[in-house]
Amino acid sequence: MSSYTADEMMAVAAARRLRDGTVCFVGIGLPSVAANLARRTHAPGCVLVYESGTIGAKPQRLPLSIGDGELAETADAVVSVPEMFGYWLQGGRIDVGFLGAAQIDRFGNLNSTVIGDYDSPTVRLPGGGGAPEIATGVRDVFVLLRHARRAFVEQLDFLTSVGDRVRVVVTDLGVLEPRGGELTLTAVHPSSSVEEAREATGWDLRVADDVQVSDPPTTRELLALRALEVAA
Amino acid sequence: MAELLTLAEAVSQHVRDGDVVALEGFTHLIPHAAGHELIRQRRRELTLVRMTPDIVYDQLIGMGCARKLVFSWGGNPGVGSLHRLRDAVEHGWPVPLELEEHSHAGMAAAYAAGAANLPFGVVRGYVGTDLPSHTRVRRVTCPFTGGELAAVAAHRPDVGIVHAQQADRSGNVQLWGIAGVQKETVLASARSIVTVEEIVDGLEPRPGAVVLPSWVVDAVCCVPGGARPSYAHGYYERDNEFYVAWDAISRDRDTFSEWMREHVLAEVHA
Amino acid sequence: MAELLTLAEAVSQHVRDGDVVALEGFTHLIPHAAGHELIRQRRRELTLVRMTPDIVYDQLIGMGCARKLVFSWGGNPGVGSLHRLRDAVEHGWPVPLELEEHSHAGMAAAYAAGAANLPFGVVRGYVGTDLPSHTRVRRVTCPFTGGELAAVAAHRPDVGIVHAQQADRSGNVQLWGIAGVQKETVLASARSIVTVEEIVDGLEPRPGAVVLPSWVVDAVCCVPGGARPSYAHGYYERDNEFYVAWDAISRDRDTFSEWMREHVLAEVHA
Amino acid sequence: MSSYTADEMMAVAAARRLRDGTVCFVGIGLPSVAANLARRTHAPGCVLVYESGTIGAKPQRLPLSIGDGELAETADAVVSVPEMFGYWLQGGRIDVGFLGAAQIDRFGNLNSTVIGDYDSPTVRLPGGGGAPEIATGVRDVFVLLRHARRAFVEQLDFLTSVGDRVRVVVTDLGVLEPRGGELTLTAVHPSSSVEEAREATGWDLRVADDVQVSDPPTTRELLALRALEVAA
């Protein structure tokens, strides 16, 4: 049980930060894994809200899309998309929102729109979706992003979502938190190092004096995580 | 009152070249069959509107039906990019594609404003991002607090197209499960087409159902499986394997074109 | 998370003198019992908000609980005037009552704006009428079309109070039938109290149901019959005779006061 | 069957003007009687929309309030009040809206707010409710109002709803329609006369050259009307 992947470490590190009873705005992929893992371990009262309109969804397996039928079937309520973004997200009722991105800067600002110039892009990304409003509508933004120099950049190609409410960035190498207005490495995962994180960051990464080493996933966490994945 | 038409008739009567067309469906009940009919009838110069353009929009774009896309998230959910969308934006193939890009909240507010016959919707958002310089969003000042908010122009498509589970013989429509912005799309549009899984004698009230009375719909078409490869709650599941397969099919122009010829253009629809 | 409280506890903990309080219910599920508890606890200087103030607001006003009424239609439906409301407005008895008067559309948009955390709502309306000179409505200009529309300030009550059919033991609430503006009232308010007909083990999904998760409600109180003499769909019918009888009871100050002493003040609530 | 009341004549005269398939925004009282009568006689496809949110209600008995439970039970759809006023009424989907009032002027403007001065009123009326938006949101406004000098006034005490879309005013004495921008008597009921209508009007009432006499209620109309009332 002691071996685990970098993705598993990311999911576990993110899940641990969700307190019981937290209302989470969840997207598909790692955020959904993390939030569902939290519900199955230390935070059974964690409330999952998917932007497709399902409030209080309790999926048994990991949904493959935010509009998975099981989300509607197990939800406390299903609302329209305009209501979800108006009354629920903009209404200020969500505690934590998860975001990913193609690029992040030292202030937590995110780009999920385009690489290169907007009008003649190198890579046209899918776009902001719900991210711009998640970034300003929830109390705390959690970013999940694999650490790489092309992702952790000095200058975004496009600012899709503002970083004001980013409280933590969990990567496959460690954990960054805003300290004095700038993302600072506050923990590294057991398989990584401060040096590796610095190398994978496109700016001169600040490191906290008290930088921690993340606890590796426990057996309970890994069992719960793999049970989720097997079901899916 | 809605007319019961074949899909070919409905598209022929209601969709013209150059129209603004919204085929909506938020992860569920995506009107694939109707999109294919637009392709078969070779509609051109369309402005396509949708919050989450995915495979069917990739197909419409790759087949050269669109001159502009109004959207907030364009990808293959859980898989990656839309290669035909990217090819149109990055290389202008087969024709250049203009983008009007929003956030989900902005798109939802624009549909809701359209449905309510208001010229604009108001959202907190867009502030501090690079979106306003690339889209149709303006500032509006609250006349009570003096606070600044973002205004989005209402969506008023020429044609709104959605898929639902059922209609009755009078053309009243019912859909359930994740309902997305389908009600707003139909109500915001000048004309509307609804494809359904089946025509039933009577609509049975259901938890979470959205009902569209016949008198706000123009055409109802019975198209079983019309949402495939997306899903219809209570009828069939999402074909996740096809979403994955689409990545390879769509990556190459020729492979894409051949697939469309074989699977869409060749299909004769009732 | 909602606490399960007695109605007396809920009012005592959540409603203060001087608060802006909305007890909503559009012809259905009107929270009469909660209004009576406000009267018994002798709340004063309240700003009462409601689209359709009827008997329970007449009672609150006649008992001197309110300094201001924000409303769009204040009458006894199908019967006539509210005599206590009229006496307060026309003669300042028992205390003067300030009015802030809207149309239904304006009130609904103000609640919806409050629920969506926007400072104002936009409606076509008020133009050409005498309402704007007597209420809180301003003009807003569409930044796209230049058209002028009416802006209403968002309702953000201190306390929203509604009645529903059911809650579960965790405080999740479900109501069905005519749903009015109850969802918006709860979501727009800083604190909320929901009285329910019964507490059940689990909420069964129902056609047309509105669900309010426990985490957007502050207090849930089990008050069977809490909407009488209005009705609770699936539980009891509207007491139309009482609405007619209220006309005579309320016409005279002494008759009214005596009736309230006997039927409301004397009542000891669990 | 030949005897009938003035209210019955009003209801019948209003009902006759509803074409089959018309979508009507209906209030309680005479408008509800007229619309339900139309559904039971010549216009079975008339769609009743009540402002409480019930769309396509098909009550067997006359509802006593716009929120009557039977309206919800027989409706095609029940929507929230904000949606009703936003997507449906303001959305421009309603053909005919019925209004009453305490006062009307020659332009069809209506007062349902106050008699006397607003701040120290002689009579505080219930207020506008949905009327201001019905007056501007529907295609055609039908006014139902008993004819009297205190109601048909030279000058409104308060303008609650604008008269631009008033197409007909049905009273207990006759029918008024806008001609050249001013309400003009176009028909009198059999039991009334032009003179009586003039007397009951607070301004110098224009009378159409071709003023008609309303057809009295037919037996079928009266039977249907009384069946509705008996059921209630």
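Here the chain labels run A, B, C and D in written order, and each chain numbers its own residues starting at 1.
Here, a contact is a pair of C-beta atoms (placed from the backbone, for glycine too) under 8 Å apart; a residue touches a chain by one contact, two chains touch by 3 or more.
Worth saying up front: this structure is predicted, and the values here are computed from it rather than measured.
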Those chains which touch chain D and also touch chain B: C
Averaged-CA centre spacing for the pair chain D and chain C, given as whole angstrom: 28
Chain B and chain C: spacing of chain centres that average the CA atoms, whole Å: 39
Inter-chain centre distance, chain A versus chain D - centres from mean C-alpha coordinates, in Å: 57
Interface hub residues of chain A, defined as touching at least two other chains: 86, 90
Numbers and ranges of chain B residues touching at least 2 other chains: 112, 117-118, 123-124, 183-184, 208
Touch-based graph of the chains, sorted into line, ring, star, complete or other: other
Those chain pairs that satisfy the touch definition: A-B, A-C, B-C, B-D, C-D
Chain D-touching residues of chain B, taken from the complex the two chains share: 1, 112, 115-118, 172, 183-184, 187, 203, 211, 213, 215-216
Complex interface listing, chain C residues touching chain B: 117-120, 122-124, 136, 138-140, 142-145, 147, 149, 151, 153, 205-209
Interfacial residue positions of chain A with respect to chain C in the complex: 21, 23, 47, 55-56, 76-77, 86-87, 90-93
For the chain C and chain D complex, residues of the former touching the latter: 26-28, 51-52, 71-75, 77-78, 81-82, 85-86, 89-90, 101-105, 108-109, 111-112, 123-131, 134, 177-181, 183-184, 208, 210, 231, 233, 237-238, 240
Chain B-facing residues of chain A, complex: 28-29, 51-54, 64-69, 71-72, 78, 80-82, 84-86, 89-90, 113, 118, 120-133, 136-137, 158-162, 164
